[in-house]
């Protein structure tokens, strides 16, 4: 076995790609989620059915789109539908297996903030772009995978604003709110992988990437992070995964 | 029916109007937005699912009193600095915001286009968006007893969209990613459409949306009118223009210089690119 | 994914199911309806906006316990006599009916396709339809206080539609008048599609509706499977067949003779026309 | 002036066609309404924008369709939309100027029955096809024109079943019910033309066709028919109207 050189972002993206299987339908957000989904399609998940919120169903771009509405997405889609249709007929009824989301802040229960940071809503320290399609992706996909770089500034005990509901305040909250999907099942970072505890739904470190220590992950988390009894070490990116990823991101 | 852009804006857009310039990444009516700036319109309530740099420009130029939206950013680049400056510092004037999710906005347009007062959806539940606006509520299903989210119809005074083609009668044809364009045109009191070209016959195109002239108030021929966004089949998105906007929008002085040279200093017909 | 029609019906349609064979004048899945008769399915709740002669045949053959519909007639000819005989005389078995308007049915499918429990519309108000079913109600708009009509989602166990083409992966393409076919397929638990032909590639066609294979349970290649209705681009409607049905459907004996020779006496592959 | 030969049905259809103008959008029912609209397009109303409930918008068939979903309607339309769209986006918001309807029974206040006649709903003497698009056409078009052959069996004091609301029980009823359109403004028969009285909304004979007496119209009406002080005589069909109508119906 040769030792491949790779970055923490590459490790994160490849790990996210591995969460997808060839028979899934995936609602893809732009940025890291889009990169990961496109890696998956080109490696182990050629049948992955990608939807972008611009209405492109079953798209298969030959290069990475820069926005959720690039022309390449329309040209390579099975069909392009209106934006109301993509939300009402495709996302809302739970037809989509997995929603791939990013986050500006994420908390202990995988609630996501992409709206405002600091201050209050009407006078925030940082005004972010807002919700977009995320609240309903988080609510209605069968499951949600979050991809986000980990730091204590991003991984906060409680988000400043709940843009998209993860597991609310813990076990039973999604059911109480009537949310149909299972919510976030994995949070994949540049340091490791977190999953909600089956009983409390609190995010728990289940895997660390090669060369990362549990203490480093704790330090990059804004709450007292739960860690699995024996966290795994994530498999390194393979040669094919890396070459596919690099050909996508360099193009 | 067919008018120059400046006449179209003058006739159909007035101070204080609720105006929606729609376009989901594709076919954004940028030239129309610049004409609104050039005519010095004020106190507009701007509506759009994805306000991007043209809304940043209109806000920075002081056209807007309020923004109704679901995602405000520079796609693939980052934040909208004029938008942030208006919200955080009230420059050049305070900007009221009403914030939704995409699903909520799309359904508001659908209800508006359908002539019903509200739409229902599975959305917003558990989010902090609900507390920030009175425009999200719940209704109880009379059949199942289930409580479900409701959003009110959105009926702008004016919708402005860009399309590939129109014929001489004012029938409009667009294709590629068509977003919420049909819904916003049908929801609005008036609709102004800019097009790449006016042709004799609209030969059918797969995936087309056709807006019959009956629902279009006026059409203006503005080749390149969506730049720096794109028009499927005509030209590609200028990613550098979006990236360059970050530096321009970040600085008030720089922005005002840009306004002077790129908007106020240009005639309508030489403004593209 | 690609199955013979008889296998498709056997696997996906069961006694007691709620079954919607849709098609708004165009692309009516007649061959599938005949296969349901041939397999002797019973106690079906049949759903369709415009039940026409194939539903008359299924009702006359005793497949149906209930009909949910908005217009039951022989288009351009007159009444459906098997339907009337079942309602008025209970022959061959009593037929329960639940009756709507087109707008009501269309919105029931839309709600079903959208995963929400009901839809709102401006309809039914003041009509006697309201008193005949519990499936029409009102809700109050939480924003305006206006009372508006509501209808519950309709989610059939099985949707059956006919289309022009499918590819070998089971993606389905139809065009021309496409009615409520997308909505009924998305609203149903299972969807069976008969097609004129299976092809290697679905070249885009203006006005097409594409049903991705993910929402299609099975496709059966049945050329002529919509006859005597029509398939845009393939064959025209046989108006004489609709006219001839009037005399056949009018008489129980004549109808049973027709059933024996035209349905029970035929194999699936020779049954068209 | 030559005297043209024509039938009562031709008189009715031509009169109905004359109610349409070139700038109108018309929601067309099959049968007599469709014939009349197609005569109008070929005579004085070339710009008439015809919609059929199958989703064909701005259609202009070169021959008379036999059903509301004939292929010719799709081939000659400005655009074809789904059935939910034609009802929700086009009919419901009041975009259509005039709805053209037929009737199996019609009453004093122009309420229409196309559902059941005689007996009661669950055990009717005659089971008719039912509502189709008519209730919402009657509710939501700006105005409604009814075309129906007149007889005491069809023109009844009170319909056995209100499938589509005309003027309810009289003045103010449509407003009370929240119906947005003005309702039936004309009922055109093979004998004459009836219009709702401006104050009571009761159907009133305002015109008789040439050769028809007011008494004949009364005899063909199942209630004590109100008659205008000086009913007009309908203009005879013109040569062009008749030749267009005949070329359509003979094809």
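Residue numbering begins at 1 within each chain, and the chains themselves are lettered A, B, C and D in the order written.
Basically, a residue touches a chain if its C-beta (ideal position, glycine included) is under 8 Å from a C-beta of that chain, and two chains touch if they have at least 3 such contacts.
The chain list, named the UniProt way, goes like this: A, D = CoA-transferase subunit beta; B, C = CoA transferase subunit A.
Bear in mind that the values here come from a model prediction, so they are computed numbers and not experimental data.
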Item to check | Between subunit B (CoA transferase subunit A) and subunit C (CoA transferase subunit A), centroid-to-centroid distance (C-alpha), Å | outcome: 40
Item to check | Distance between chain centroids, defined by C-alpha means - subunit A (CoA-transferase subunit beta), subunit D (CoA-transferase subunit beta) (Å) | outcome: 57
Item to check | Numbers and ranges of subunit C (CoA transferase subunit A) residues touching at least 2 other chains | outcome: 115-116, 121-122, 146, 182-183, 207-208
Checklist outcome for this item: So subunit A (CoA-transferase subunit beta) residues touching two or more other chains come to 79, 88, 92, 140, 180
Checklist entry - If each chain is a dot and touching chains are joined, what shape do you get: line, ring, star, complete or other? => result other
Item to check | Complete list of chain pairs which touch one another | outcome: A-B, A-C, B-C, B-D, C-D
Checklist entry - Which of the residues in subunit A (CoA-transferase subunit beta) come into contact with subunit B (CoA transferase subunit A) in the complex? => result 30, 53-56, 66-71, 73-74, 79-80, 82-84, 87-88, 91-92, 115, 121, 123-124, 127-136, 139-140, 161-165, 168, 173, 177-180
Checklist entry - Mind pulling up the subunit C (CoA transferase subunit A) residues that touch subunit B (CoA transferase subunit A) in the complex? => result 115-122, 135, 137-144, 146, 148, 150, 152, 204-208
Checklist outcome for this item: The residues of subunit C (CoA transferase subunit A) that touch subunit D (CoA-transferase subunit beta) in their complex are 24-26, 49-50, 69-73, 75-76, 79-80, 83-84, 87-88, 99-103, 106-107, 109-110, 121-129, 132, 146-147, 176-180, 182-183, 207, 209, 230, 232, 236-237, 239
Next on the checklist: For the complex, give me every residue of subunit B (CoA transferase subunit A) touching subunit D (CoA-transferase subunit beta).
Outcome noted: 113-116, 171, 182-183, 186, 210, 212, 214-215
Checklist entry - If you look only at subunit D (CoA-transferase subunit beta), which of its residues touch subunit B (CoA transferase subunit A) in the complex? => result 25, 49, 57-58, 78-79, 88-89, 92-95, 140, 180
